[in-house]
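Structure in C-alpha cells, see below.
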Amino acid sequence: MPLLWSGYSLLYLEGQERAYTQDLGQAGSCLKIFSTMPFSYCNSASCKYASRNDKSYWLTTNRPVPMMPVAGGEIHQYISRCVVCEAPGPAVALHSQDSSVPSCPSGWQGLWIGYSFLMHTGSGDEGGGQSLTSPGSCLKDFRTQPFVECQGPRGTCHYFANIYSFWLTRVSYPEELGEAPPTQTLKAADQQRDRTSRCHVCMKR
Amino acid sequence: MPLLWSGYSLLYLEGQERAYTQDLGQAGSCLKIFSTMPFSYCNSASCKYASRNDKSYWLTTNRPVPMMPVAGGEIHQYISRCVVCEAPGPAVALHSQDSSVPSCPSGWQGLWIGYSFLMHTGSGDEGGGQSLTSPGSCLKDFRTQPFVECQGPRGTCHYFANIYSFWLTRVSYPEELGEAPPTQTLKAADQQRDRTSRCHVCMKR
Amino acid sequence: MPLLWSGYSLLYLEGQERAYTQDLGQAGSCLKIFSTMPFSYCNSASCKYASRNDKSYWLTTNRPVPMMPVAGGEIHQYISRCVVCEAPGPAVALHSQDSSVPSCPSGWQGLWIGYSFLMHTGSGDEGGGQSLTSPGSCLKDFRTQPFVECQGPRGTCHYFANIYSFWLTRVSYPEELGEAPPTQTLKAADQQRDRTSRCHVCMKR
Amino acid sequence: MPLLWSGYSLLYLEGQERAYTQDLGQAGSCLKIFSTMPFSYCNSASCKYASRNDKSYWLTTNRPVPMMPVAGGEIHQYISRCVVCEAPGPAVALHSQDSSVPSCPSGWQGLWIGYSFLMHTGSGDEGGGQSLTSPGSCLKDFRTQPFVECQGPRGTCHYFANIYSFWLTRVSYPEELGEAPPTQTLKAADQQRDRTSRCHVCMKR
Amino acid sequence: MPLLWSGYSLLYLEGQERAYTQDLGQAGSCLKIFSTMPFSYCNSASCKYASRNDKSYWLTTNRPVPMMPVAGGEIHQYISRCVVCEAPGPAVALHSQDSSVPSCPSGWQGLWIGYSFLMHTGSGDEGGGQSLTSPGSCLKDFRTQPFVECQGPRGTCHYFANIYSFWLTRVSYPEELGEAPPTQTLKAADQQRDRTSRCHVCMKR
Amino acid sequence: MPLLWSGYSLLYLEGQERAYTQDLGQAGSCLKIFSTMPFSYCNSASCKYASRNDKSYWLTTNRPVPMMPVAGGEIHQYISRCVVCEAPGPAVALHSQDSSVPSCPSGWQGLWIGYSFLMHTGSGDEGGGQSLTSPGSCLKDFRTQPFVECQGPRGTCHYFANIYSFWLTRVSYPEELGEAPPTQTLKAADQQRDRTSRCHVCMKR
C-alpha cells in the first residue's frame, strides 16, 4: 500500500478541560510533527498559546515506564510512531468477546490481530473512546497504560495512576445468561491479557 | 447482502462515570454476545472487573416496559437483536424535518424509513449522540424510551425516569423564520410521533 | 458533482446540558431547514419542546458580529449555508502543522485549502471536536469565533465571550524537540492566522 | 424571637451551568424580593443580565403542581415564604434514621419536627445539598418535589421529571449489619413518608 | 477587636480539576503564607506535589490588570491582604436587592457596606459560591474580575476572559411581578455598579 | 463536655452521580447508624431505594487496608467512630503551612493537633472539601487514604486507586516568593508527613 506520511500517534488534545479523542483507525490520529503543545485557543478577544494547563495524550511504545516526568528530546522514544497508507478497501475490526481470534469474512484479508480496546480516561473527567468498528479499537498489544499524558506548556510527559484504559472482556457462560458477574481484581499481566477479548482487523479485498 | 454476524444492539458502555457511545449505523454497535458487564478497566497497578458501578445501555425491543428491574435470562427478550451485513455501497440517512418521508436521490435505493433520532442521556451527566449522516440516526420506530440501562455488576436492567431521548422535530413556518417557538408538552403517543421528523436510509447502488 | 440538497451548517445541538457535535465534513451537519430549536426530548412520561433552556450552535458567515442578540428573520444572514454533493471518491483533510499548504498525494485532487480547526466549547462544559481526517477539520477561513449560539426557546442568537475555538498550530523547532513552549497572547488577526496550521482537503480521483 | 425580615425561600441560583446552593437553615436562603432572574454575571469585558439560560430554584408551597409552566403573577402562590428571626441561641437538626422523632438534648428546646432532607439535583449535572447539622436538612413536610425550577430570562417556573430530591432513610437491622439492601420502588405517598428518616430541630436555651 | 493573624485572601484551590471554595467570611480564607501551589495530593501509592496542572485562585487588589502572566515577587502586589480578628459576636450580611444600602437591625452594628457577590467560575467547569448569610457575600468594592487564577506548578498568575463573577442585582417592579426581564449587556463600569444589589455587614453587639 | 450522641464518621453520600460533602467539624458528619446505603431519592413519580449505583464515603480507622472488597459485619471495624459533644464555645482550626504546630490564641484552649486536610475526590468527578476554618480540616493523623468508598446497593466497601486526598503543604521560601515550585513524588510515609502543613484545633474558653 502506498505510504502517505509517517508521524506520531495522537490520542487526544485537551484544552480548557475539554477534550476531543481522535479515532485511532483514521489518518487524523497520526500527526506529522510531535509537540507536547500542538494547538492554541481563541475567543473573540484573542488567541492564547501555552498560557494555561493544556495537555496532549499520545500512544506509547513498549519501553519501561519511567518514574519521573520526562522532558525534552527524551520524550520521543516513548511516543508510538505511525504511518498512513492508502488502502485499496475499507478496514474494520472484529471482536470475539472470548479468547479465540475471530476469522476475517471471506473476501476480506487479515491485517493484524490484537486486543479489544474500548475507552480511556485521563485527568479530571475527560476521556473518550473508539468506535468498535474502527481498526483503532484493536491494539496489537495489551498494556494497562497504552498512552501517556503530556503537560503542554511545561514540555513534560508523565504516567499518572488515575489514567484508566477500558477493554472488552471475554464473556463466560453465566454472564451470558445475565447472572451477576463475580468481582475480580487482576494484578498479573498474564491474567489481565487472558481476560481480554481478542480482535482481528480485516480489509476488504 | 451477505450476513457477517448477528448479535445484540449496544448503545454504550459506561465505566468510572465515563461513556463512549457507539454509532448505531456501524458494525461496532452489534455485539455478538450479550452481557450486562462486557468490559473491565485497568490502571498501572491492576485491572478490575465488576468491582464498581459500571453500566451498559442497549436498544430495546417493543415489549411493554416492566416496572421492576429485570434479571438473568429474563433480560434477553428486552434487548434488540441486530445483524451485520456486507453492503455493496455506503448507506446514509436523510432527514426531512417535516412529516413527509424524504425520497432517496436517484441512483440510491431505500433501505428503511423511520424517525430522526439525535441524542440520549443516561445516568449522571453521561450520554452521547448519533451522526445525522449515519443510518443509526434513523430508528424504524419512535419510542420515548428506545434503550435500557443495565447495572453491570448486579446483572440487572431497568428503565429510569431520568433517561432521555432527543429527536429532530418538524419545523413549522414561524420557527423557520426565527420566531420564538411555543412551549409544548406532549403526552399522547400520536402527538409525539407527529411532532418528530421523518427520515429515510438510502444506499448507493 | 451532483447536488443532493442545500441547507444551513449545524455544529451541534444541546439539550438538558448535553451536546453531540456533528462532523462538519459529513452530510449530517447540513440541515435543510434552519430553526433555533429543531429538536424535542422525551422521557417515559412525555415529550417536551422548547420548555427548557436548549440551544443550537451554527457555523457563521463573515458578516461583522453584532453586539446584541439577533432575532427573527435577521438571523439567517449570519448562518453559514452549505450544500451536500455526491462525491466520486472519499475526501480527507491533510494538516501541515506549519505555514505551508500540504500537497495532495498523487491520484488525489485538491478541493480547498484552509486552516486546521480542532475543537470548540460553548456554554457550560459542553463542546466537541472534529476528526482531523474529516474535511470538517479544515475551515476555509480562520476566524476566532467561527460559530454562534442560539437560545432555542427564545428564538435569538448571540456571540458570547466564553465560546472558544481550538486550532492546530505551527510547531517550531524547539517545541518539536520537546522544549517548554513560550506563553503567547495574540491579539492581531494577522498574527493569529500566522500561528495556525494550514490544511488541504483532497479527494480520491 | 424578633423578626428581621420576611421573604421567599431560595434554594439556589444557576448561571452558566454552575450553581451554588444556599443553606436552608441560614438567613441567606430568604430573599426579600422574588424574581425568576435575581442576578447578573460579568467577565472582564462586560456584565450580562438575562441574556442566556440562567435559572433559579425555590422551595414551593403545598399547592397542587400545575402541568404547564407558570408565568407572571401566578408564580407567587407556588413559592414558599420565609421569615428570618433573631434566635437567642444556635439551632441544630437531629436525625433519627428510623421512624421515631429524636428528642432534643436537655437544655435544648424543640422548634419543629420534620423529614431528613439530604440533597437535590436540578437540570444538567448541577445540584447541591444541606449540612445535616443545619435546620435546613429538616423539612417540615415530606414531598417528592419540594422545589421548582424557574427559567430566569423567560419569567416562567415549571416542575421537571428529572429534578430529584434525596432523603435519609430508616435503616433496618440487616442493612445496619452491612447486608446488601433490597431494591425498592415506592409509588404511594404513605410508603415514601414511612421510609424516610425523621428529624427534630432544637435550639440551645 | 484582637488581631489573630494576617495573610492573603484565598478564594479556592483546584487540584485534579476539582475545587473547593472557601467562605470569604470565615478565617479559613485567610492563608498566612502566599504560594501559587500551597497543596499536594495523594492516593494509596504516593503523594505528588506540583506535578500536574493544579491552580489556586485569590482575591485581588485594585491595581490595574496586567496583560501578560505575572511571576515571582511581582505577584504579591496583586493579591488582596486580609486580617482575622476575634469578633465579640456573629456577623451577617444583609442584601437589599435594590440600590439602597440595607440598615442593620437594632442591637447590631454596621461593619462595612458593599456589593452582593454570589458566585464565580474559573477554568473548566469548576467554581463555587458564597453563602448569602456570610460576610464573604458582601465585597466592599464592585469589580468584574475580583479574583485571579494562579497556575501552581509554573508559579504564574493571570486574568482569563472565561473567569466569571456573579452578583445579585436590583430587582425592578416588572420582574418582581414575574415578567420576563429584558436582556441587557452593560459595558460601562457605572452602569454595572448601578445594576448590582447593595449589602451591609452587621455584627451582633 | 456533655455527650450528645456517638456514631460513624460520614464524609459524603453520592446519588445519581451527585454528591454533597458534610463538614467533618460539624455534628451532621456523625451518623448514629452505619449503613452502606442510608438514603433514597425521589422524583415526581416515585422514590427509589438501592436501585442504582449509589455510594457512601466514610472516614476510616487505622486498620491495614484489605485488598478485596469488604462486606457485611466485617465492614464496621474499618469505619471511624465519632462522638458529638456540646462545646462551651466555638472551635476553629489554625493551619501553620510549615512544620511547626500553631499555638492557640490567648483565651483559647487547644483540643487536638493534626494535619491540614483540604479536599478529596471519589469516583467519577465528584468530591468535596472542608472549610479551612472548620475542625474538620485538621485530621489527627495523616494517611494517604483517610476514607473508603461503599457501594450502597451491594453492601460492600473498597479502597480504589483513583480516590485522592488533598492536603495543605509546608511552603518553603522560594515558593513564598512566587518561584515555580519543583515537581515532587513522595513515596515514603515519613516524607509525605513531613511535607504536610500542621494544624491545631482551638476552642474559645
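Assorted remarks:
Just so it is clear, A, B, C, D, E and F label the chains in written order, and each chain counts residues from 1 on its own.
The rule is short, and it goes like this: a residue touches a chain if its C-beta (ideal position, glycine included) is under 8 Å from a C-beta of that chain, and two chains touch if they have at least 3 such contacts.
Here's who's who by UniProt: A, B, C, D, E, F = Collagen IV NC1 domain-containing protein.
Worth saying up front: this structure is predicted, and the values here are computed from it rather than measured.
Here the chain-to-chain distance from subunit B to subunit D, counted in touching steps, is 1. Touching subunit A and subunit D at once are the following chains: B, C, E, F.
For subunit F, the chain whose average C-alpha position is most distant is C. Chain centres here are C-alpha means, and the one lying farthest from subunit D is A. Centre-to-centre separation of subunit B and subunit E, using mean CA positions: 44 Å. Per-chain CA centroids place subunit A at a distance of 41 Å from subunit E. If you average the CA atoms of subunit D and of subunit F, the two centres end up 25 Å from each other.
In subunit D, the residues that touch at least two other chains are 16-18, 43, 45-46, 51, 69, 124-125, 153-154, 156, 161-162, 164, 183, 185. Viewed as a network of touching protein chains, the structure does not reduce to a path, ring, star or complete graph. The full set of touching chain pairs reads A-B, A-C, A-E, A-F, B-C, B-D, B-F, C-D, C-E, D-E, D-F, E-F. The residues of subunit B lying in touch with subunit F in their complex are 16-18, 43, 45-46, 51-53, 55, 69, 123-125, 151, 153-154, 158, 160-162.
On the subunit B side of its complex with subunit C, the touching residues are 65, 92-93, 95-98, 105, 107, 118-119, 121, 125, 127-134, 137, 144-145, 159, 161-169, 171, 175-187, 191-192, 195-196.
Per the touch definition, subunit B reaches subunit A in the complex via residues 2, 4, 10, 13, 15-23, 26-29, 31-51, 71-76, 86, 152-156.
Residues of subunit C that touch subunit E in their complex: 67-69, 124-125, 156, 161-162, 164, 183, 185.
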